[in-house]
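Each of the next two complexes has chain A plus one other chain: chain B in the first, chain C in the second.
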Partner chain A sequence: MNRDVIGLIVLLALIIGFSLLLSIAGKYYIPNPESRKPTEIFGGNNQLAYLYLKYTYYPNDTSRTVLSPEAVTAIVWDFRGLDTLFETTVFYLAIIGALALGRGLIKIEKPVGEHGLSIIVKTVTRLTSVLIVTVAASIALHGHLTPGGGFQGGSAAAVAPLLILIIFSIYYFLEKGISKTLMLIIRSIGLIVIGLVAISCFIIGVIQGSEAFVFQNQRKIVGVYGEHSIEVSLPSHIAGELISGTLWFFNIAEFFAVMAGFTIVFMLLFVPEKAFREGGGK
Partner chain B sequence: MIDLYVYFLTLVMVSMVANTALSIYGIFFRPSMIKKIIALTILGDTANTFAIIIGYKRWVNPETPVTTPVLLNYTNINKTYIEEFAKMRAVDPLPQALVLTAIVIGLAVNLYLVFLTLQTYRLYGTTDVREIRRLRG
Partner chain C sequence: MINLELLLYAFMALLSISSVIAVYLAIFEKKLVRAVVFSAIQSTLYAILYYLLMAPDIALVYIPVSVGLYPAVILILIRKTEGEEKV
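Take a look at the complex of A and B:
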């Protein structure tokens, strides 16, 4: 009975979707060039995408800009930073759930003998894993300048441990001292740094005795006519290099958190069946 | 004269609606947990593609060639360049930012689900939801 109802719902969704497509085809898929034409409300220039793109790198007005040429990173960690903070929390909870399911699993002894795939694959992996981590670090470190950032860099860097796990087997990781606990520590440090950077401007404001926001990056002007200025800001340049205030620190911390989090789950997935039957599952 | 852009976008949208319906079918009707997870990833990717297409924007002038919608040359920047970039060339960055985080979070949640399925298989010896329900555990 229930399955019939769900099948009907699926069919209806299909029919309604196709009829929607037929009715609006050729008109509304692509927003036309006029979609960012300013309207008269609030004196024009009030389109959301236009505002984001305009103020992502706008040195003329330092009270609204993020000073980062990359608009996506500016939105992810500044304009809508709280969203990303709580999405990081969801990520954290997913990893914690996997860890809770796999508790007591990782205590495995190395059996004697050679493990993993052939010597050719191992040599190639030794070379490519270094390259993968280098590219990932580049993606994360230049996240405020070019497309990229902590999430992308961390996901790319997690490919290297995955390759090593498949090709060298999990015993290689345990020999080298890369354990679940170490990855947990790295991930926790990353998350703590994200939390600290998020409230850094607030702490500076408390110490100086001035007003400041949580999740603030550059100086802000509040009030309808800009009558009230909040001057606390993190430096946008260090030694002449653009770091865009908090964005650089967020990207690096997120890189380590994402990479270590994925490595934990990959290690849990690669625990051999035999070790589970002997050790865990009690 | 048929507009090629509209033709191909119609094709993409039709296939995405079909994808959505098929993945909902897979989530509800397939008894294997692995197949449910595969259908769930297809559903998530289709939703992400929808969001990206919403942010897309038609090129302003069809006669002139398309230039890179990236803010290059940010060291010697002036006001008119930024405003032209924001109004004419760039696509909407907000859906891209949301999809970016959604992909990584989705990967983490999928890994959790895969690990859950693996543990279920280790404990019960099956990934069929009908048999797991019969076990009441």
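Take a look at the complex of A and C:
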């Protein structure tokens, strides 16, 4: 019964989609570029999308910009930074749930014999896992310059441990000393760094005795007529390289935290069920 | 008469319709491993769609999560149960 309803919905979507393609798709459903242009409501130049795109890299007025050419990362970690912080918290709560399910696991004994897949697959994986981690690190480190960021890079990097777990088996990880505890430590360090960067400007302000915001990146001008200036800001360049203040630190910390979090879940999934049964009561 | 932009949108529409077919096959497939493969095909089509809709950030996170990690996790879980769906 349920299956029939889903099938009917899918078939209807097919028919409607084909008719859309054949008749009106070209005429009506092309996104309108005019929607991004400023309007004259409230005195002009004040549409949210327009403002975000204009001020994402705008060195002439450092009180409004993030100094990052990549608008999505600027919105994710600065304009709408608090949303992302809580979203990160949700992800870590999910990891904590997985850890709670895997509790009581004390020791995994390695059985005798060869583990994993054939030598050809192992050799290929040795090469590709290095490439995967390199690309992921590039995505994360250039998150404020090109499309990408901490979560994107971290989830791409988590593919490499997954491949190693499937192809070399979990005992390879345990021999190399990569345990659940180590990944938990990396994840916690990443989370702590995210928290510290979020309040870094506030701490600087407290030390200097000036006003500053939590989750602030560059200097801000507040007040109805812009009379009140808050000069605390993180450096936008280090040794001539653009790092966009907090964005670079957020991206790196998120990269390590996401990669370690995913790896913990995969390691728990790959633990043989025998180990759970034996270690459960102790 | 046919300009490039219209061709691009027609391609996107084709991709979305093929993804609907993949979803249909994934739901109605009795063998679970095959269903996961159909689901991964749908994810691949969505990744191309995200790229064509000028959301490379989403495409970058969608490819590892939805094409790599999610089918892998489901396959591991299928290995721990039975390979066929019983109604």
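Definition applied: the second predicted complex is superposed on the first by the 247 of 282 C-alpha atoms of A that agree within 3 Å, B and C clash if a C-alpha of one lies under 4 Å from a C-alpha of the other, contacts with A are read in each partner's own complex, and residues count from 1 in each chain.
The rule is short, and it goes like this: contacts are C-beta pairs under 8 Å (C-beta built on N, C-alpha and C of every residue); 3 or more make two chains touch, one makes a residue touch a chain.
Everything numeric here is computed off the predicted structure, so don't read it as measured data.
Visitor: Return first, second, both or neither, reflecting whether A:Gly190 touches chain B, chain C, both chains, or no partner chain.
Guide: In the superposition, A:Gly190 contacts neither chain B nor chain C.
Visitor: According to the stated criteria, A:Gly17 is in contact with first (chain B), second (chain C), both, or neither; which is it?
Guide: A:Gly17: touches chain B and chain C.
Visitor: Taking the superposition on A as described, I'd like to know which of chain B and chain C A:Gly245 touches: first, second, both or neither.
Guide: Neither partner.
Visitor: Report for A:Arg3: first if it touches chain B alone, second if chain C alone, otherwise both or neither.
Guide: So A:Arg3 meets both chain B and chain C here.
Visitor: Between chain B and chain C, whom does A:Pro161 touch in the aligned arrangement: first, second, both, or neither?
Guide: After superposition on chain A, A:Pro161 lies in contact with neither partner.
Visitor: Taking the superposition as given, does A:Leu101 touch the first partner, chain B, the second, chain C, both, or neither?
Guide: first
Visitor: Based on the superposed arrangement, let me know which partner A:Ile139 touches: chain B (first), chain C (second), both, or neither?
Guide: In the superposition, A:Ile139 touches chain C alone.
Visitor: Could you tell me if A:Asn60 is touching chain B, chain C, both of them or neither one (first, second, both, neither)?
Guide: First partner only, chain B.
Visitor: Would you check which partner chain A:Phe91 touches, where first means chain B only, second means chain C only, and both and neither mean what they say?
Guide: first
Visitor: Spot which of chain B and chain C makes contact with more residues of chain A, would you?
Guide: Partner with more touched residues of chain A: B.
Visitor: Would you please give the residues of chain A that touch chain B in one complex and also touch chain C in the other complex?
Guide: 3, 6-7, 10-11, 13-14, 17-18, 21, 25-26, 29-30, 72, 147, 149, 151-152, 155, 262, 265-266, 269, 273
Visitor: Given the complex with chain A, which residues does chain C contribute to the contact?
Guide: Checking each residue of chain C against chain A gives 5-6, 9-10, 13-14, 16-17, 20-21, 23-24, 27-28, 56-57, 59-61, 63-65, 68-69, 72-73, 76-77, 80, 87.
Visitor: Give the list of chain B residues in touch with chain A in this complex.
Guide: 3, 5-6, 9-10, 13-14, 17-18, 20-21, 24-25, 28-29, 53-60, 70-71, 74, 77, 79, 82-83, 85-88, 90, 92-94, 96-98, 100-105, 107-109, 111-112, 114-116, 118-119, 122-123
Visitor: Using the touch definition up top, name the residues of chain A that touch chain B in the complex.
Guide: Touching chain B: residues 3, 6-7, 9-11, 13-14, 17-18, 21, 25-26, 29-33, 35-36, 48-50, 52-54, 56-60, 69-72, 74-76, 80, 83-84, 87, 90-91, 94-95, 97-98, 101-102, 146-147, 149, 151-152, 154-155, 258, 261-262, 265-266, 268-269, 273, 276, 281 of chain A.
Visitor: What part of chain A is in contact with chain C in the complex they form?
Guide: Per the touch definition, chain A meets chain C at residues 3, 6-7, 10-11, 13-14, 17-18, 20-21, 25-26, 29-30, 72-73, 139, 147-149, 151-152, 155-156, 158-159, 162, 166, 262, 265-266, 269-270, 273.
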